[in-house]
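Read through the structures below before going on.
Note that chain A is present in both complexes that follow, paired respectively with chain B and with chain C.
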Partner chain A sequence: MNELLERLQRHFDVNNINVLKPGMTTLKIGKDSAEILIRELRDREGYTHLNFITCIDYIEDGIFTLVYMLHNYDSKHTLGVHVDIDREGEEMTSIHTLWAQAWTYQRELREMYGINFPGSPRLDEDFCLEGWDQIPPMRREFDTRAFSEERFGHREGRHSEVPRVHMKMELYPKRGGDEE
Partner chain B sequence: MTLSTGHSAALDFAQPEPPDLSSGKYVKLWQGPQHPGITGNMSLELVLDGDTIVSCKTHVGYLHRGFEKLMERRTFIQNFTVVCRIAVPEPTFNEYLYSHAVEEISGIEVPERAIWLRTMNLEMMRLASFLMWIGGQSGAFGQYTVPNWTLAYRDYVLDLFEEMTGARIYHMYIVPGGVRAGLPDGFEERARKIMKGAEKLLDQIERVMFNNVVFKARSKGLGIITPDMVDPYGIVGPNARACGLARDIRKDEPYLAYDRLDFETISGNEPDAYGRAYLRLQETRQSINLIRQCLDHAPTDGPFQADMPNVLHWKVPAGETYVKAECTRGEYGYYMVTDGSEFVRRVHVRGPSYTHAIAVMERLAVGTNIADIAGLMVSLHTYPPEIER
Partner chain C sequence: MIKTLGTEDTLENAGLTDEEQQLFSNARPRAYEPYPIKAVEDFANWARANSLWILAFGTGCGAIELRPLMTARFDANRFGVAGRPTPRQSSVFIIGGYASVKTLKRIIRSYEQMQGPKFVIALGICPINGGMYFDSYNTVNRFDQYIPVDLYITGCMPRPEVLVAGIMELQNKIKAGRCDGANRYVENFDWYKANQKKVIKNWDMPDYNW
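Now for the complex of A and B:
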């Protein structure tokens, strides 16, 4: 594993190498080199399996972290490639030519976070949402509760609890929900 | 009836040109979302030339409930009511992986007894899910006897779940730190009786279904997955093993008590719907064997839950992990990122159906007869909620 990381560090500007547990490491790379690194890992280093692509929204830092999780069946090692991109109007190089399922992930990320992957097939087709006219719903600033209240309104006879408050009241009824 | 289908070793991922519907040569037909031959709430947009499919597009979204978003706004314990609903026939894998991710990030050690009970619980889930699947596969080719048998017998397995966990479908039995309870009195005896009956049932199914000339004729040669498609398409589980690849996370990267169980990875050499079905039948038998081994070895006393604080005061430190397990359809995984707050920062659920039902299905459907599309879908064993978040 160390040899692989040394090789990668020689050829790419990888940083934040983090061994999460035996058999799993994550690293960070700039967005311009990410596609080349992922291709290299697939073609030369045996990381032939794409577990998934996903995104983490760090709204406080103004970035999205894209996570490409790759697996090597021979060495039984999983490598997470992290790529930071700006939250607003950012694009990322598409990897739909590397794995057949990659375009589906990219289509989902487009719909749920608004990230653009130029050239990725069927990118603007609806994935899970039909006729969505709000901001992409997985972004942290999208308030599900406010959306529900605005879209569906209040209905007479319908009562809902805040689950955390309700749980405390259930567990500590005599103290008015105070568990201390 | 056209029997064979699929592209052989086609690794060109380019999207095919859509057929010219204005030519009058083609008919567009929707299979689903309300259709008995569809695996859950999803739909296929099919374009037909006669009764042969020339184009297929998978549409999902009918089950989108925003699971991943919901989890970011609820405390760690509250998420249990969400995770088990992500795969209705197999909620236990979600419970285990979610719990395991929390445990890994928090550094919680699970007691030995809980490890064995979790293993048994997962294998019971595999058995129940495969029984449901065998019925679906048989029904998709017009044999309605087998579904009646298997769905009825699945209920006996659900009885065991009810005894063990208090619930039939959404058990929420596996929780961070261990499991919620030990086994009730007399459980082992009843479980062994049900396992014996299940074996007998599988023998009958093999005779009735796998030797049936109609089932053979319709499933052999349908939906061929070649070994060189496996990695480029992200194919996992029985769909990959049926074409000869001996990959099983339980064996390759053992978790829970699998390294102490005696079993071998089953792989086949018939990468079509028939081969996949037969492999799953063998894996169902293997699952019964593993449940028996768990009953033999599981400690009957000792703690089944690590010392945990009040659920309202769980402190999960900042961290990141990806945990995975072999569910009935292959690699099922949870990617979790925490930031030290009382809420999870991000959970991503990796389900095998994500690629099996979209990229793989859209490829294999082309050239298939419309009558066989339901059988093909079931043979890929897909669950839409995994795709839809």
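Now for the complex of A and C:
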């Protein structure tokens, strides 16, 4: 494992190497060399399986972090490749040429976060959301509750409990929910 | 040859292209009229109540409860319940939990294709008020705004026992002649259609799927 990371560090500008647990490591790489690194991992290092591609929205830092999770069947090792991209310039190299199934993930990311993957097949077709007319719903500036109330409405009589407050009232009713 | 009706009682079918307009009927749905003799209608209702054919369309997580319902332990065949593969042959539509907007479009399409008399069971809390998905961007909160519901079974998830109890309750309602959901749909058709089109933005099917 360490040999692999050393090899990668010699050839690529990888940083933030993080051993999450035995058999799972994440590393971070710049946007431009990400596709070359993933191709190298697939062709030379035995990471032949793409588990998934997902995205994390760090709205405070103004970035999306794309996570490419790769798996090596020989060493039973999972490697997460993190790529930071700009939240507004959203564009990333498509990897559907490496794994055909990647375009499904990229289609999903396009719909849910608005990230563009130039050249990825059927990218602008509707996927889960049909006829969506708002900003992509998984972006954190999208207020899903306000949207739901406006679009779907609520049935009268529904009320929600905060579980913590509710349980305190159940447990200490005489003290008005006061724990002390 | 498509029968062309007068403009006052036809549907607009605005979601279809000119070519597709020729392929689909633009007639409005008609309400079910009971037999004039009450004994005959009661007999028909008794027969309907004892041959409930469920549409095999799992619309949410609740569809998983239909498997044990049909197999050896709960054996819904005792009540004359059977699964059917197509809407044309079924009389009961079980909404198995949450309905996303994409699924709602298919639900409407399937429901309208079912032959009357038809009944809808809403399973779980989600069709009632949204349940745990009450603030989701993609699931409807009040299902009865889009399709008339004859019977609610609440819970998350309801066990097959409750489903059996619900089926027996539905049978009682049918025998008493109180399941008029399909007629409500016809009578308030414009209201239902307006609600449906409010959430389904890419309406590319006929206004009523005959």
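As a working rule, the second predicted complex is superposed on the first by the 152 of 180 C-alpha atoms of A that agree within 3 Å, B and C clash if a C-alpha of one lies under 4 Å from a C-alpha of the other, contacts with A are read in each partner's own complex, and residues count from 1 in each chain.
Note that in this section a contact is a pair of C-beta atoms (placed from the backbone, for glycine too) under 8 Å apart; a residue touches a chain by one contact, two chains touch by 3 or more.
For clarity, every value in this text was computed on a predicted model and none was experimentally measured.
Within the superposed three-chain arrangement, the count of touched residues of chain A is higher for B, of the candidates chain B and chain C. Look at A:P137: by the touch rule set out above, it reaches both chain B and chain C. In the superposed pair of complexes, A:T48 makes contact with chain B only, with no contact to chain C.
Contacts of A:G80 after superposition on the shared chain: chain B is touched, whereas chain C is not.
With both structures placed on the common chain, the touch criterion links A:F147 to chain C but leaves chain B unconnected.
Judged by the touch definition given at the top, the superposed model places A:M167 against chain B, while chain C stays out of reach.
Look at A:M24: by the touch rule set out above, it reaches chain B but stays clear of chain C. Contacts of A:R155 after superposition: chain C is touched, whereas chain B is not reached.
Once chain A of one complex is fitted onto chain A of the other, the partner contacts of A:C128 extend to both chain B and chain C. When the two complexes are superposed on chain A, the residues of chain A that touch both chain B and chain C are 126, 128-130, 137, 142, 144.
Partner chain A is touched in their complex by these residues of chain B: 13-15, 60-61, 64, 66, 68-70, 72-75, 78, 104, 231-234, 247, 252-253, 310, 312, 319-322, 324, 331, 333, 335, 337, 345-346, 348, 350, 354-355, 358-360, 363, 388-389. By the touch criterion stated above, chain C contacts chain A in their complex at residues 100-102, 105, 128-130, 134-142, 145, 198-203.
Those residues of chain A that touch chain B in the shared complex are 18, 20-21, 23-24, 26, 48-52, 54, 56-57, 67, 69, 73, 76, 78, 80, 96-97, 99-101, 103-105, 108, 112, 121-122, 126-130, 137-138, 140, 142, 144, 163-164, 167-168, 171, 179.
Residues 126, 128-134, 137, 142, 144-145, 147-149, 151-155, 158, 160 of chain A touch chain C in their complex.
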